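Okay, so chain A shows up in both of these, paired with chain B first and chain C after.
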Partner chain A sequence: MEVLTRAKCLAVAAALVFAVSGQLLLAADAPTENQVQAVFLFNFSRFVEWPTQAFAAPNDPFVIGIVGNDPFGARLDQAVRNEQINGHRLTVRRFRSIADVDNCQILFIDRSETGRLGQILSALDHRSILTVSQADGAAQQGVMIQFATEDSRIRLRINVESARAAGLTISSKLLRPAEIVGAQAKEQ
Partner chain B sequence: MNNSSPPIRRTLMRMIFLASGVVLLVTSSAFCAYELLTFRQSSIQQLQILSRAIASNSTAALAFENSDDATVVLAAFKSDPHIVAAALYDVHGKVFATYPQGLARDRLPARPGAGYSFGRTALVGYQLVAEGPTQLGTLFVESDLKAMYSRIELYGLILLLVAGISLSLAYLISRRLQHRLLQPILALADTTRAVAERHDYSVRAAPTGAYEFDLFTDTFNHMLVQIQGSESKLHAQLGRLGLLQHITRATGERQDLPSIFQVVLSSLEENLPIEFGCFLLHDATAKSLTVSALGPRGRRFADKLGLILGATVPIDANGLSRCVGGQLVHEPDVVQVPFPFPQRLAAAGLRSVVFAPLIVESQVFGVLVCARSEAAAFSSGECEFLKQLSEHVALASHQARLYGALQQAYDDLRQSQHTVMQQERLRALGQMASGIAHDINNAISPVSLYTESLLEREPDLSERTRSYLTTIQRAIEDVARTVARMREFYRERDAQLTLERVEVNRAVQQVVELTRPRWSDLPQGRGAMVDLQTYLADSIPDLMGAEHEIRDALTNLIFNAVDAMPNGGTLSVRTRKAMVADGEARVLIEVSDTGVGMDEDTRRRCLEPFYTTKGERGTGLGLAMVYGMIQRHSAELEIDSTPGKGTTVRLNFPAHTSSIISAPKVRNAAVVKRRLRILLVDDDPLLIKSLQDTLQEDGHVITATHGGREGIDAFAAASKRGECFDIVVTDLGMPHVDGRKVASSIKAVSPKTPVVLLTGWGQRLIATNDAPAHVDKVLAKPPRLHELRAALAELVE
Partner chain C sequence: MAELIRRGWVAGTLILWACAAHAGAAEDSAQTIGELKQLNVEDLMNVQVTSVARRPEKLIETASAIQVITQEDIRRSGATSIPEVLRLADNLQVAQKNSHDWAISARGFNTALANKLLVMIDGRTVYTPLYSGVFWDAQDYVLADIDRIEVISGPGGALWGANAVNGVINIITKSAQDTQGLYAQLGGGSRPQDFADVRYGGAFDSDTHFRVYGKYFDRGSEVLADGGSTSDAWSQGRGGFRIDSTASARDKLTLQGDFYQGSENDQTGGSSDSSGANVLGRWSRRISDESDLGLQTYIDQTHVTDPVAPLIVNGLEFAGPGTLHDALTTFDVDFQHRLRIGAANNVVWGLGFRYSHDVVSNAPALAFLPPTLDRDLYSIFGQDEIALRPNLSLTLGTKLERNDYTGYEVEPDIRLSWIMDPRQALWGAISRAVRTPSRIDQDFKEAAPPNFVLLEGGSDFKSESVLAYELGYRVQIDSRLSASLSSFFNHYDDIRSTTFTPTTLLPFFFANGLEGDTYGLEFSSNYQVSEIWSLHAGYTLLKEHLHVKPGQSDLNDALNETADPEHQFSFRSSLNVLRHAEIDAALRWVDTLHNNSGAVVGTVPSYFELDTHLSWHASDRLEFTLVGQNLLHNRHAEYGFPDPTRPEIERSAYGKFTWRY
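What follows is the complex of A and B.
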């Protein structure tokens, strides 16, 4: 009996170990939405052109700022580590409020700030900062790029007018796979 | 010629085609290779450009993981139908999107590679997809090679077309050029073929206008000229060789000089040819040349030259003398030669002359003269030919001469043999005749002795008796003469020939009368008429001779003349006197007939004994006896005869002019007066008896003995007794002991006792001077009493 019990015990233990490790492995293999969005966020730096006045000094870093809760954690930092854009070192900064935003090229506005979205956008007012948010309807409200999840895939919605108003040039390549919102989209 | 070797035109065409084909092939291959290489590179470049564009457009899709968009972007590959497959791999190497959409994963490489490369069936390329420095993924593109294959096909077509056109052009151009190049060669080849096939070396290759070809053509023509020259020389040489052989054969068949010369001249005139030819024979002692033969065609020149057969040509100091010296002399133009004979030739219209010596044993015995009316018409080859020919002719002539000499020697030998045989027969005949004569003489001796004795010693004989006895005596003398004549025809010369004065006309008339039956009666019996005419000269001198021999000779001549006229004719006998240069008078007797005459051979042989043209009727001795008579009389015999015309025989005697008469005289005065003791030795009792009777009547004492032995014994016995004989008369031919032995025995006992030998062979002994030793006198039988008396008187006194 004892032996059997011990054997059962071992089998249950092994099954548990396998089950747990399998769960863990699956979690590690399939990138999470946030993980993808972190990469996307970095990728935007390749498809958008900032005017030279966007940088106070030539040696200023290229800053990806986050307002609100940080959904990415260390993943974003990992994504931008040792990366450069046109000679500018990439840096991730987390701002507590919009008022803290000074030198920033890409600003991720977390879903948590949905209530203050108008305030934030007006605060930014024509500054050459690419605004990105995952909040629903963010693009319609004036955020330049919105992550929208469709069929468990992340899609981009781009407000070209906002970007143009901010003096940013979004590459047509980026526009291709994206959904355009704004005046033109309303007309459609 | 090898007919399997292709003509030069085809070979040249092949070469040109091959050369241009190779050049074309190499050029086209290089071009194709270059084009293909370029095409591959441009294919890669095009693919690269396309791939880069697509990759560039795919960056956002990859960056933002929009595979639908990536698929749309990849759909742009539709623009190139050769792109058969394409795929986007993400940065992790996972297939992100494919073209065409839904392409099976196993059609794609598991992991993306790098760069562009040609596979076996496809061009494969990997293009990095990057935005800025960031690599976003890899684009895989696969293009099939149909484009390249179609390009290769196109190139192949173009190549074929170009090859076709260029080869056609090459053909046309080479044809045109070849024509220019080959024309002279082909023309030359045609000429060569014409020469080879027709052996016509007179054709010449025409000049072409190109330097090398003209050089070639000139050389070829020069060669042809040389060949033509050589060939014509060869032909001439062959012709002359043939002629030489022909002439040599022709001369070999002939054995006499004139016919050899004639055939040589005819052949030369016909075949060399020459216009005038003649043979001159060299007379070294007279230093002249005699024309021996003239060519039949060159007669007109011979007439102008005045050369006839037998004419002599003096040897000039020039060519002829050199030729006689043994050299072949060639005068290219006799007009230039200032000597008589060349000038004669020149005057007759002949210009070039060759004198070829005929040499046998280093002696020039003749000259062959060949002439032509053109100057310098004899080539050196012809001169050489004439030299050789003259050697051949000389040899042939020499052989002909040798043959002639041999023939002559043979004839002489046969003649000698004949003569010897004849003499042998004559000797046999003569011996037989002598034997008969001896017996007859012995037999008639008593008749002769008694008749003479009776006529001399019996004066009381009646006239009739005396007449009969005289007739008997004449008959006996005739018998004795006839017997003697039996041997005359082989007798050389009768020393005892009794020459007497002969009245020629009388003798002729006697003979004509004696032979009348023969020339008158016999022919008339046959219906033929012989008209005998005598022309007897008056006052013709007598001649000295044996009348009976002359009569016999004339009789023979008249018989011959009658026999020569079987159908009748005229027979003339004439006598005349002739004077010769030194004043000596001659008496001629001619007997002529108008009969058949004699040919040369018969005329030459008619004097031979036993030679007759009368067959069985003739003895062949008639003319031989005449000739013998002529010889004995120191006369001459001439015979003129023409076949069909008649014959004249002329006897030419010396006339008797001196008064010396050697005719034997009857020496009646020489009679022995005293009595003689005479020993008679004979084996014939009748002869002994008659001799004893007649000599006893003269008063001599006769001792007759029978046979030689008895005679010798009787003489010896008488000598012992001391009653020596005054003289011994002995017969010659006796059995056991003959007259010679008797004479020698008597001379041995008494050398001074004369011995008289009586012989039936007497005349022969006298003729051959065969008088035996110890014999003082030889008397022929039958002994004449007066001869015997004379001998006794001569020997004893």
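What follows is the complex of A and C.
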């Protein structure tokens, strides 16, 4: 049996103090899940092709919508600020329910809506809206892109068939590093 | 000197927190977002993220006193065992008895034979029918592969059945899909001395994933009050697998299994061996958003060999030394169906069957008779959650069980939940739960015939019961600050007493001679100070008033069944610094413990203790961690009677490397 010496404890204490004084000199932190996901949502606008009829007018904004709880706060607004795609200005809208979703190109469905996922997807049927969620098993249930955190990294699970059914084309740049989920779950 | 260091620690920690708050508040999230936007998709997928604690959906709406320990909480606690992890739940009482034994309970009754908590690992009940308790030293896993631990204080009998009297612990491991690649951890220090975890996850095809794991550790002895060794060192190895398959869009299949083998030195000089293995299969089918089916079955085998000291009273030997061996085989099958009836009714119902085959090889001083016992348990339950209004729901449920000791048992439950607005909810519940008899209550002999029997189980021992009244409130004040408060009043009846045989006095035997009330509060709160810093505070109040029922007697005047602190307080801080480092500290205070379940009545003094965790992510794949546990004292007691043989828990530290590929 090895008995811990006081010296060892003091070493742990010293390491703590050192690390924190370092923090004061060099304040920078690892990004959060939400920050990286917000940037992914912005990137999707560039790596997915929408059919032209996805916009009612050529100068309509490109809308990233959120249903359910908003996990991003200001981060998503920061990610799309002053950005545009093919002449459409990027903007973020928070919808109270799926019935309020009108003009929208990307729809983030928060995991708070897990219980209503089937309802939401059938309400969106055949509309050219890229659905994204971080809820467990979302891609298998028909959501086009699911965020999953594995070993502290954000992974993408993509349901290609769902995207194709909505007339969307996802770039191979997104597909290559993603995990392709085969099962489609359109239920009638 | 020790006092000085302790004060220094507390003051230092507080200063560090204050400094960090200042730095954290100055963080500019927009700058981070701007940097992330420069990365291409593949680089973005390689960015290491810190996840804000992940709670299951709609926790705020749950009508029970549930607390969830997330994987992030587990990793950042530096805990190396499940009992240490459970210290993170404010609604539990956790006391380490010696190097390999713990006493864990919710809402009191945390005696050496604590028996009012139901514990499950991935749906498999882990308890011993010898005394309805849990051998905590036999329960373990690669802690990094645990998804979350749900700790519910209060009765769970309507859903989970007998023994969920004061609480339920659900340990849920990750699916194989979420544990892909290689994970390895190697470390050591003063305690545990050395340990290694290895897991590898892969895929058979795009729908079927697997993982295999192995784990080993050596833990040294603890110490006595005079600094001498308790000679209770132990080691354990375990391994297992899990396969998850998405058979179709609707069907999921899981097959998993584990085995373990360990050896423990005992303070009395002998050594004790334990081993076990289990296999579990689960099929779930999603019918629609509102309906699903689940079928689960498992077989579980455990072996324990314990040395038994001779029974000597006043210098007179009643029975010599020996060994007790217990071999338990459990087979269990459960079916569950969730469906919606009409617009307002969410119904869950299910059926269960369990068969257990217990074989004891007895010691002269301690025996269970008959040595071999087969038990059948049948159960059926139903629960209806009725939406009275969009924000008001009423849940009615009950379980009906048939067991071989007491026949039929009913455990009804009524719950009301009022979602006042999306940020706050009020709930209340009234429930009944029972603890059905276990082998110690009826089959126990100390010592075994033909030796003279001093103490034995009562052949008429019946179920203990509780009627619990609960009221709780949860609030999410803003995106940073949340709090929950639960209160309870429990009335217990037919609690175990030790009484004497009329006229002959001996043998003493177990009866249901106690009743009484307990009440208390459980508070817990999380505060996300900034992107990089979060705080947690918890407090528990527990008052217990048990007494002997009229016309009954108890040798220890109703003091035997409780050993609990009246107040508990915890405070934790988690801080991310320098982009790649994490600093965590957990301070706890536990009130005086009155330990009465033995010959010596006495207390364990109240104590403060501090654990710290420091982690450095040297690269995406390599992490270095330093952990200090119980840092405030050279040693302190958490349990047991105040005599010179009481084990105390020593200050300890360890370091480890973690690889992920």
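Just so we're on the same page, the second predicted complex is superposed on the first by the 154 of 188 C-alpha atoms of A that agree within 3 Å, B and C clash if a C-alpha of one lies under 4 Å from a C-alpha of the other, contacts with A are read in each partner's own complex, and residues count from 1 in each chain.
Here is the rule we go by: a residue touches a chain if its C-beta (ideal position, glycine included) is under 8 Å from a C-beta of that chain, and two chains touch if they have at least 3 such contacts.
Since the model is a prediction, treat every value here as computed from it, not as a measurement.
Peer 1: Give the label of whichever partner, chain B or chain C, reaches more residues of chain A.
Peer 2: Result: the larger residue contact count on chain A belongs to C.
Peer 1: Who does A:Phe40 touch here: chain B (first), chain C (second), both, or neither?
Peer 2: In the superposition, A:Phe40 contacts both chain B and chain C.
Peer 1: Of the partners chain B and chain C, which touch A:His88 in the superposed model: first, second, both, neither?
Peer 2: neither
Peer 1: Check whether A:Leu174 is in contact with chain B, with chain C, with both or with neither, and answer first, second, both or neither.
Peer 2: In the superposed model, A:Leu174 contacts both chain B and chain C.
Peer 1: Taking the superposition on A as described, I'd like to know which of chain B and chain C A:Thr114 touches: first, second, both or neither.
Peer 2: second
Peer 1: Is A:Arg153 in contact with chain B, with chain C, with both, or with neither (first, second, both, neither)?
Peer 2: both
Peer 1: Across the two complexes, what residues of chain A are contacted by chain B and by chain C?
Peer 2: 36, 40, 43, 47, 153-156, 173-174, 176-177.
Peer 1: Could you list, by residue number, the parts of chain B that touch chain A in their complex?
Peer 2: For chain B paired with chain A, touching residues are 56-57, 59-61, 63-66, 68-69, 73, 131-132, 134.
Peer 1: Mind pulling up the chain A residues that touch chain B in the complex?
Peer 2: Counting only chain A, the residues touching chain B are 36, 40, 43, 46-47, 85, 153-156, 171, 173-174, 176-178.
Peer 1: Given the complex with chain C, which residues does chain A contribute to the contact?
Peer 2: Going by the criterion above, the answer is residues 1-4, 8-9, 12-13, 15-17, 19-20, 22-24, 26-36, 38-40, 42-43, 47, 73-75, 78-79, 111-112, 114-119, 135, 140-141, 148-156, 173-174, 176-177, 179-185, 187.
Peer 1: Show me the residue ranges of chain C that touch chain A in the complex, using the header's touch definition.
Peer 2: 9, 12, 16, 19-20, 23-24, 26-27, 29-30, 32-34, 36-37, 39-42, 44-52, 57-58, 178, 180-181, 183, 189-191, 193, 206-207, 220-221, 229, 233, 246, 248-250, 286, 288-290, 479, 531-532, 575-581, 583, 612, 614, 617, 620, 626, 628, 631, 650-653, 660
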